[in-house]
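Please find one structure pasted underneath; my questions will follow.
Here the chain labels run A, B, C and D in written order, and each chain numbers its own residues starting at 1.
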Amino acid sequence: MSIFIDRDTKVCVQGITGKEGSYWTKHMMELGTNVVCGITPGKEGQEVEGLPVYNSVKNAVAKHEIDASMLFVPPKFTMDAVMEALDAGIKKIVTIADGIPLHEMVLIRQAAKEHNAIIVGGNTSGVISPKLAMMGSFPHWIDRVYKKGNIGVMTRSGSLTNEVTAMIVKAGYGVSTLIGIGGDPVPGTRFAEFLNMYENDPETKAVVIIGELGGIMEEEVAEEIAKGAFTKPLVAFLGGRTAPKGQKMGHAGAIVTGGKGSVEDKIRALNGVGALVAERPRLVGTYLEQLGVPKE
Amino acid sequence: MSIFIDRDTKVCVQGITGKEGSYWTKHMMELGTNVVCGITPGKEGQEVEGLPVYNSVKNAVAKHEIDASMLFVPPKFTMDAVMEALDAGIKKIVTIADGIPLHEMVLIRQAAKEHNAIIVGGNTSGVISPKLAMMGSFPHWIDRVYKKGNIGVMTRSGSLTNEVTAMIVKAGYGVSTLIGIGGDPVPGTRFAEFLNMYENDPETKAVVIIGELGGIMEEEVAEEIAKGAFTKPLVAFLGGRTAPKGQKMGHAGAIVTGGKGSVEDKIRALNGVGALVAERPRLVGTYLEQLGVPKE
Amino acid sequence: MKLYEYQAKQVFEEAGIKIPKSVLIENVDELESALETVGLPCVVKSQVLSGGRGKAGLVVFTPTKEKAVAETTRLFQHDLKIKKILIEEAVNIKQEIYVAFTVDPVEATGLLMVSVEGGVDIEQLAVTQPEKIIKEPIDLRYGLMPFQASQVAYSLGLPEDVSKQLKKLFLQLYNVFKEYDAELVEINPLFVTEDMALIAGDGKLMIDDNSMYRQTKYQKQETDYRTEAEYEASLEGIPFIQFDGDIGLMCAGAGLTTTVYDLIHYEGGTVANYLEFGGPNYKKALKSMEICLKVPSKVILIVTFGTIARADVMAQGIVDAIKQLNPDRPIVTCIRGTNEKEAVETLKSAGLEPIFDTEEAVRKAIQLAKGV
Amino acid sequence: MKLYEYQAKQVFEEAGIKIPKSVLIENVDELESALETVGLPCVVKSQVLSGGRGKAGLVVFTPTKEKAVAETTRLFQHDLKIKKILIEEAVNIKQEIYVAFTVDPVEATGLLMVSVEGGVDIEQLAVTQPEKIIKEPIDLRYGLMPFQASQVAYSLGLPEDVSKQLKKLFLQLYNVFKEYDAELVEINPLFVTEDMALIAGDGKLMIDDNSMYRQTKYQKQETDYRTEAEYEASLEGIPFIQFDGDIGLMCAGAGLTTTVYDLIHYEGGTVANYLEFGGPNYKKALKSMEICLKVPSKVILIVTFGTIARADVMAQGIVDAIKQLNPDRPIVTCIRGTNEKEAVETLKSAGLEPIFDTEEAVRKAIQLAKGV
């Protein structure tokens, strides 16, 4: 089993005829993802990887049952593509675009809430359940990272995720489903909002979150654990602890979060609910073992 | 009984300190309307007609239970005032403003739908249940028009309503509730959307609609009757039958309505479901009698 | 407010939409230089606000200079008092598309309407084959999304290059719709030329009157009105139309005024003018009567039944107007509504005989008009 | 992109918000004429992008010309390489208000934040007395509605006249937030003067980097950067920070780069520069190395673990860069990810010794830096 995507999930690809779109569609299918069609305006009637291409999501849903849409669309057209998918009734959307304008990302998240839809991204590699299916741009064939197993992974990073996941694998674990929520200040969906799915997934025995400084997403995770909404072992890795502070967001960042969001806050919050915070990627595996997470 | 408003309906008045606001608040209360407070930014602490004034609807709802808001606000500020009332959770709003920009009226109606609220107006005198309560600017003391009775009246006009209602009264009837849906191309609520309330109001024995050329609101009424959603006798009056056509809305008007909307269409549609269409105001009363509507 | 074709096209061009080469002329002398710019054949297009110009002979294709001179001369002498004529290049047309944005009052959305069978018979098509007109609702909070423009453009079975241009045009035209607070913006026909370009063959742009306070670019000018009375009424914001009949209407409330208009016709009378001084204009009795007196009529009929437009205020205004203007024709008054009693006193004290029933007032006016 | 105070204030002024009288100077010679315009006392304000300028002595109140000259002279010689100083009138202050617009990532709204206890201690206030800061969510589809601006402005217990001005200012500042695609726009303090006027005492405006493609008015200039390397990196859009340590980082992925930064510190090393050439920059190995070589360092550490940023492409880029630039210091490579095998071949063929474990690579770099 897995969360968000499995081999029954019928996926369409918006921007399928582009370079990235066709390349990763091939790899998604190769992994076993049930991609049913693609969308590029003006290309209706063409085929990509044997899949039919449509001018619009509307045309695609008229011909296919579609559960999820994978976007390979440039950042400045992402809001439009998301709205198109939502408008066609699609409830799971993954966008890897890096560079979505902030105010548009706010509107995207709002629209997703309004439609009871889940948007993963932007600025992410997407979602993968190793050896099963993926929506995004993962080199799923790298066994050192994408090994099937029982650890749910959520991350805000790209390369760092590979680094950390490789350590999880090195420790003898594997991954149930990895969700890259994305590195943007306003991701479509937040860590805490996926916990429920991992909680209900029998295959997932523990969750690793790969966070960042800034924001309060780790604190939100701690709150969910405190509420009892998530009961499985959880290990977090936070990079950038010794890094000098970058440009500060005026006073506003601190005011929005009511002063929360520092590394110390995050560690305190997570430790306070029994979650462990790893200092180095290597320790993530060690801590999973410490928490008694089985390897099979 | 009545629809939309009675003496239990707790009303606030937005723009209460203005000339129109204070004048009609007095008359609303004099009729028996349960006005509980008023709103004008910057005037909190003042009183109008013995009622407290607040800076915002938010402040008002913090102190009072409020069911409905009456707006005496200029047209260009109406959208804002409506949004304020909706935001504060008020579900019945009446605006008499004449001159609300068209695109804003579209947004107002959309917002009302989103909030499950009812907006009456703009460009209307409001809603009145004679001898009981009103939200709007009706000279309720003119017995020749505002006589209590069992005829529900809905209208798009102002002076013409008085003309027609006076004829209904002259014929020996009276009015249960009169709703001026307003003369704008996009009213907040349409004739057909009020029929259900009149249907369920035991006091209302028949409904009179005072329509206009253009649009398809009368056809919508006919559809409701055809569906069986409204079963009481109905008489319509349509003015302007011999008037030369005004500036036409390009082809678009006809295309939007699929060619419907002419006087002939309206008459055919209404007659087809047993409703009568009066040629002159005087005949409205006659037709009510013909349909066997009792006078008590 | 409805713009002239040449104004609408100017707006389209500013929005990035292609329009035919054209020159606006105000007399026949300007034709020669216009033809030099535009070339032949050309189309001579009267700038009037009414529809159906082609069928009415107000838009004429002219292959030669002689025909262009003849038609332009004819049109400048036309009864409609045509003030401006657009001399426009004749475009090589492959196809005609219909494109419009308006609002949908039922669903509370904007509406994009498109048909590949554009042209003069579009209304007929709307009735007989409504499925040939695509209607795309637009959430005005977001505006027309590019995906919607794309979805509609690519659904029409046009060549890809044309679809691509059409998508862009939809977005440009939507901007006009929004920026100009339009009730309607329409291009019919939108030409697809032989070389696959899109050119606006005609243009309608109606600005919402309620938004005119913030739409200041285009204003009505005196030359836009047929009579001095119409122009003066427009300056006051008083709805007014002039006809050829006997009875000048000076009523309050659009619905009531048109009803009185109906009643006059039912009773065999004729109307000299429609004037509606209700709503925000109810204190403008003096100006209203001044305008009515500029129109040839045999009697002035005043019917009101106002609520906010108070009867006493209107009655006093009428009495003041009579004193000041000393009208040369009889006046029939039927004034009811808020403070009716005071109104009656005022009218009576000025020697007027108030009537309370509209039909009676109408009959009285007709009698007076017929000199009975 | 963060604007300087003087730029932010220029934006505010264009939006209709009052700012103090001021003159921007670029050297001490311009002070005299600036003082003639601004008058005395005045405030000498260094235009730097870091916060806490007052506490750092970068903003100074100067009652006399002598002090103004002394402070300006001092600041232009400051280590921070201050290029511009704003000479600003000293305003008579009755009260200081905090006003900001930003986004709320959780609720997916805009956010108006206001406190009547503005000034330098606002962050502290946010922690200790959060109820003193009003937060009003804004639906970005509708924008800040006037009623919200009014509701907040009149809830602060200020005199009515000030509330009225504040409401207007909220709407003006929201327009700035929207028009400039701002992550943050902040006025702290907003002065209420003795005669009840509102004047922006300071100004922060951070434009969302993802929106810079459509925000073309303000661009970074070479003088905005401390070093040539930083400027060059910025031109390429490569995230880069220069430090004083030994190890030049050339890594891909922000998270991984900061993690490597952490690991170096955990292991006792020091960092010469942060350079992140992942994401859209993964083909820019040549330029990245060129920049790294401009920074004094003892070793360059390259760590990647890319997916879309393919290992083989980066490895080839690194090998090409080494050939072309012939670096004067050792290079440690730890390159993993998509097409890792090909990458390893490429690196080996160029005589590099690939490492696969990040901690091992970090330790190796530290050894080399320490000359062990």
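Assume contacts are C-beta pairs under 8 Å (C-beta built on N, C-alpha and C of every residue); 3 or more make two chains touch, one makes a residue touch a chain.
Quick caveat: nothing in here was measured; it's all calculated off a predicted structure.
Engineer: Can you list every chain that touches subunit B and also touches subunit D?
Structural biologist: Shared contacts of subunit B and subunit D: C.
Engineer: Decide which interface, A-C or A-D, involves more C-beta pairs in contact, and give its chain pair.
Structural biologist: A-D
Engineer: Give, as an integer number of Å, the spacing between the C-alpha centres of subunit B and subunit A.
Structural biologist: Here the centre of subunit B sits 51 Å away from the centre of subunit A.
Engineer: Distance-wise, how many Å sit between the C-alpha centres of subunit B and subunit C, to the nearest whole number?
Structural biologist: 27
Engineer: With chain centres defined as C-alpha means, what is the inter-centre distance between subunit A and subunit C in Å?
Structural biologist: 56
Engineer: In subunit C, what residues contact two or more other chains?
Structural biologist: 141-142
Engineer: What are the residue numbers in subunit A that touch two or more other chains?
Structural biologist: 107
Engineer: What graph shape do the protein chains here make by touch: line, ring, star, complete or other?
Structural biologist: Shape = other; not a path, cycle, star or full graph.
Engineer: If I apply the definition of touch given earlier, which pairs of chains qualify?
Structural biologist: A-C, A-D, B-C, B-D, C-D
Engineer: Per the contact definition, I'd like the list of subunit B residues that touch subunit C in the complex.
Structural biologist: 20, 75-76, 96, 98-103, 106-107, 109-110, 113, 125, 137-139, 142, 144, 155-163, 166, 183-187, 190, 210, 212, 215-216, 220, 239-244, 247-256, 258-259, 279-282
Engineer: List the residues on subunit C that touch subunit B in their complex, please.
Structural biologist: Of all residues in subunit C, those touching subunit B are 2, 49-51, 98, 100, 102-106, 108-111, 113, 122-123, 126-127, 130, 133, 135, 139-141, 178, 181, 183-184, 186, 188, 204, 206, 208, 210-211, 213-214, 241, 243, 251-256, 258-259, 261-263, 265-266, 274, 278-280, 304-309, 336-340, 358-359.
Engineer: Going by the contact rule at the top, pick out the subunit C residues touching subunit A in the complex.
Structural biologist: So the residues of subunit C in touch with subunit A come to 142, 145-148, 150-151, 153-155, 160, 163-164, 167.
Engineer: Any idea which subunit B residues touch subunit D in the complex?
Structural biologist: 41-42, 44, 55-59, 77, 80-81, 83-84, 87, 107
Engineer: Once bound in the complex, which stretches of subunit D touch subunit C?
Structural biologist: 141-142
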